[in-house]
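Every chain is named by a letter (A, B, C and D) in the order it is written, and numbering of its residues begins at 1.
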Amino acid sequence: MTSPLLDKLNTLDRRWIFLSMALAVLSPILLQIGSDETPSPPTIKLFDEIERLPEGSRILMAMDFDPTSAAELYPMALSFTRHCCLRHHKLYFVTIWPTGKPMIESTIKAVIGADFGSGDRPYQYGVDYVNLGYLAGEAVAISQISSDIRKARPQDARGTSLDELPIMSGVISVKEMDLIVNASAGFPGGKEWVQYAATPQKVPIAVGCTGVQSTQLFPYYPDQLLGLVTGIRGAIEYETMLAAKYPNPYANRSKRPAFLRGGAQRWAHRLMIGLIVLGNGIHLANRYRRTTHP
Amino acid sequence: MSKTVPVLIASIVGCLMIVAYFSPPLLPARQMAEDWFTIVATIAIFLGGANLCLHHLKKISDREAGWGFSAVTLISFAITIAVGLLKIGVVPESEQQIKLAWSGPFQQEGSGFWWIYQYLFSPIVSTMFALLAFYVASAAFRAFRAKNLEAILLLITALIVLVGQTRDREITSLFLPPPAEGTPPYVPIADLTEFIRKTFVTAGQRAIMIGIALGVVATSLRILLGLDRSYLGGDE
Amino acid sequence: MNRETRFWTVLFLGGCLLLAFQSLRTERGVGQQFVVRVDATTGKIIPPAADASDNSAAAVKTVIYEPASKDDPEAIWSFSRTSGIWIAALLTLCVFSYLYRDNVCYKLAESIIVGVSAGYWIVTYYWEVLIAKVLLRLSPELARYAFLPDTPADAKADYLCIIPVVLGCMVFCRLIPKIAWMGRWPLAFVVGTTAGLKLILFLNADFVRQIRSTILPLVVFSATASGGSELDWKQSIQNIVIVISVLSCVTYFYFSVEHKGIVGRISRVGIWVLMISFGASFALTVMGRITLLTMRLQFLFDDWLGLVRI
Amino acid sequence: MDFHSRSAGEKEFITMSDKSSGKPSMDSFSFSVSHQWFGTGLMRLTMTTVGVLVFLLALPTLTFAEEIADSTKPIVWFDTGKTAFALLTFAICATVIICTELARRGKPFYVRPIAGLLAMEEAVGRATEMGKPILFVPGIEDIKEIDTVAGLMVLSSVAKMAAEYDTPLEVPTSRALVMTAAREAVQAAALAAGRPDYYNEDRIHYITDEQFGYVASVCGWMYREKPAACFFLGKFFAESLFLAEAGNAVGAIQIAGTAETTQLPFFVAACDYTLLGEELFAASAYLSGEPAQLGMLKGQDFGKLGAIVLVILGCMLATWDSISPRGKNAEGQNLPRRSQWITDTVLKGG
């Protein structure tokens, strides 16, 4: 049996595979093809909790990630913050990663600055949200703010004393929070928030984490973790729910960074499946050729 | 003698680390050892830097093929060190620091060292990392072929998990009878992926980890008993 | 000129044309970056008009720049950041060119990254270990005076850390043939502590914990709403599969028993389990790798070229 | 994708009595014990214990004199909470040491062949035939990781083979201390092979601490020099697939081994032979061919046997608990589960 196609495939240059991968990832980005996700129970639980909490509830937003893990976690941070603002909760931003400071700032700029800074009920700094900045000391810092925030950090990120901020009146420690939402990229992160703050102080906590970290956090769900949003897939799930509930403007592509990355994911996965099937087709054809024409 | 002393050092500090774990007054010694290691490794990195310079200087002086690239390496090395150690572009961040020329974090945004990290170091490194997406594809194409039972298992699980990872998993529910009104369709492959992850992946990793722990024990004992001294070189 | 050269020349020229068009004709430009001036000590934005008139020397000394959007009235164009984006984008393309084959562009990126990263780690270790750990402990006064003004005034010197410093310096003994043998002491110290620390660590975390979490009931009952209990077959099957898989994999790792007969059959199941777990782990990692590539391409097409309009 | 189960058929006995006559394939790996340090293992153990005791007395008085003087409470020298774990540690270490001692006294032990190790000599031989260099990567972590130490131990065996064939061996390292140790190992191996001039310091060099900076350089080198054999033994992270694919592109025989479970799938997919986890640690003992070191493998197996017994026993008790749960005691509290005897007593951990 002679088949020029099979011969060609047998000696296929791997650069063609590279090219197909580049196209599979690039075209969805350029054509802005996104992908939705069917929400999974751990993500739905967090969404429902933020919906359920009465307006003006206190939510601690712990942003423990850096630019390298921003691919997965920044879209998550955006949707969490957006959802809280839509429900008009009070937000307390904090990070235990030194690299987390710019992440908080850009989240605030992108969400509160762009969508909630004006209008009939604008979000005001010090009244509706506060940026507590970076807390040094890793896990120790968590246990410190769970007993007394002012001891860990007497001032906010802008250097204003916490006592001067209306949002801080009546807030002594993490105990006064109604929910902790954490975007965590590793150590210290979700696990430490559960161990040192949420479980001892009995505050519900939900974590958004990277795909790699999820295996570490899964054992805590659902007993110690209210919700768990995993990797880029979890971010897409959350955006999907947000878009379904608040289609204007959150069904808009420009507000859905994870959705846009989802398209690339989907096509790349399809390509991988195709490649494995093709590889085995070649293999079987070769075997057939060998048995029929030894 | 040249070899007995190092082996003795290794045995003694090693055993001390083990004993310290069980003895509260000695427990800080374990912490200290980690700390000391960082300091030793830091001083050693200067040896590494010197070696890097010599290696490339030799290439340049021998006019080996591609010596120009060695020159690029040396220049970028020298510039990074100079910018970083002299804290070029770093400004003090508080009133009390203003008097000090060396104050301010060395990685401060806007400083020279930050620029090097942000626009030279980080793009190259993360692009190298991104190349892995291509290699994953080519490795899958080449290696996942049904040559024997083991390879078939490898490839089938990979396929199942790949389908289960994105929303395309929903095609598997097309073969099932339509769900009752109002309930989400049952997706068998999503459950299967989760099952594989919870059972086989966990079990495989656990068994490997149990084995590794015993391997580490034996390797450590080889060092502590002085049976294997290859890392210490030969006797002169 | 052969076909390949012609192809790449056309591609290169096309790229240049695209860049020229994008930077001249579009409003956004290519890779343009803007910043605002901020006083580092107070955190207040300094408007661009103010710098000529009322800035004292001390205030100018503490100016830092923060990224801003083009529309910001206080924003000024930043040469260093704009050039940075261009260099980063070109280096990204250089690295991607390795996929085609090894070439001058890749070699250039490779030489730069080797030099820069070696320098980067030396600088990082210098500030974070030699200054912040060693110098701070040996002489807190000097550290406070010269580098770290935030050092508390009552910090005490801790001379014990002279030992690792001496050990570290002994690494250099290798360069002198006569005392080269002394260069092995730091190695012996490091390897010895490693052996001791890891022996306990692995036995505790990997051996004990993993066995403990494998101890599972093979039959699981769950409480029903009516107060009785019923067989939870899903969980039971899961537990049985885990236990059998772990046992067969551990058998596979047996060194001193020939893999035939019953042991051979069990270890064969073990290798199947390992293969399934490898296949699944491989596929589970794909998502993370694709995300990284997506990020890189978004950097090129969004941050640099501004082609994607979100 | 070759996997070692393939060669399980071609088994081979390595016994201590065999050692003297020398099985041909193992003989080339054998590494004679040139120096008997302190005589027997028991002697070593005694000496070490004495050393530790001296150290134990001297160190606390020096380092923690202040804390000890300050505290009014009596000093607790042993943390009783860790007793179970201490006994377990002692039992495992003792088993390994006893097996070592038995092996040294000439008790024969069977060791199953590991395909990846048998292929090492073949790989070195092929590189010699083709006149191309060999690449050895001892991982990207520092020497404080035991994986790196295991990798360096294998390096000394590979270097010895390479020195015998006089084939250049390139060892780029990502840490300065690893470079120093690798130089020691290769120099010693060259000496042991009777070719001290084989050792060339320039071939073992430091590149950079940065993971992908190191990979960029090694892959560039591979593309240009086209090594015929690549060894990746040590601790690897995301770069594993990068290295293995680069080696594959230049058509090298690749033997990999790591204890990093997340990276094993990539090595299995892209390399010719993979040492899975524990096999990496067994490799140097195996390659050394020393009776004492081979005896250790037997000791490790007893550990695994213990693990299997504990799991089976624990699961049986847990199942019993599940089928007929224990009642309450006089105070109305639930009685502890039966399986707790295993999980909280034997396997209490530290």
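Rule of thumb we're sticking to: contacts are C-beta pairs under 8 Å (C-beta built on N, C-alpha and C of every residue); 3 or more make two chains touch, one makes a residue touch a chain.
All values derive from a computational prediction rather than experimental measurement.
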item	value
Chain ID, smallest distance between chain and overall C-alpha centroids	B
Of B-C and A-B, whichever chain pair has more C-beta contact pairs	B-C
Whole-Å gap separating chain B and chain C, where each centre is the average of the chain's CA atoms	8
Distance between the centres, which are taken as Cα means, of chain D and chain A, whole angstrom	38
Centre-of-Cα separation between chain B and chain A, whole angstrom	23
CA centroid of chain B to CA centroid of chain D, Å	18
Per-residue overlap in chain A, given as positions that touch at least 2 other chains	14, 18, 21, 25, 233, 265, 268-269, 272
Sequence positions of chain B contacting 2 or more other chains	3, 7, 11-12, 15-16, 18, 21, 32, 37, 40-41, 44-49, 52, 66, 109, 121-122, 124-126, 128-129, 131-134, 136, 138, 140, 142, 144-145, 147, 150-151, 154-155, 158-159, 162, 165, 204-205, 208-212, 214, 216-217, 219-221, 223-224, 231-233
Chain D: positions in contact with at least two other chains	3, 5, 63, 85, 89, 92-93, 143-144, 146, 149, 176-177, 180-181, 183-184, 207-210, 212-213, 216, 224, 261, 264, 266, 268-269, 276-279, 282, 297, 300, 303-304, 307, 350
Touching pairs among all chains present in the structure	A-B, A-C, B-C, B-D, C-D
Residue ranges of chain A in contact with chain C within the complex	15, 18, 21, 25-26, 29-30, 32, 71-72, 158-159, 210-212, 231-233, 253-254, 257, 260-261, 264-265, 268-269, 272
Sites on chain C touched by chain D in the complex	95, 98, 101-102, 106-107, 109-110, 113-114, 116-118, 120-121, 160, 171, 174, 183-184, 186-187, 190-191, 193-195, 198-200, 202-204, 207-209, 211-212, 214-221, 243, 246-247, 250-251, 253-260, 264, 267-268, 271, 274, 278-279, 281-282, 285
Complex contact set, residues of chain B against chain D	3-4, 7-8, 11-12, 15-16, 18-19, 21-26, 28-29, 32, 37, 40-41, 44-49, 51-52, 55, 58, 66, 121, 124-125, 128-129, 131-132, 135-136, 138-140, 142-145, 147, 150-151, 154, 204-205, 208-212, 214-228, 230-235
Chain B-facing residues of chain A, complex	14, 17-18, 20-22, 25, 35-38, 67-68, 102, 233, 262, 265-266, 268-273, 275-276, 278-280, 282-284
Contact set on chain D toward chain B in their complex	1, 3, 5, 34-35, 37-38, 41, 44-45, 48-49, 51-52, 55-56, 59-60, 63-64, 67-68, 75-79, 82, 85-86, 89, 92-93, 96-97, 100, 142-144, 146, 149-150, 152-153, 155-157, 175-177, 179-181, 183-185, 187-189, 191-192, 202, 205-213, 215-216, 224, 238, 241-242, 244-245, 248, 259, 261, 264, 266, 268-270, 276-282, 284-285, 288, 290, 292-293, 296-297, 299-300, 303-304, 307, 350
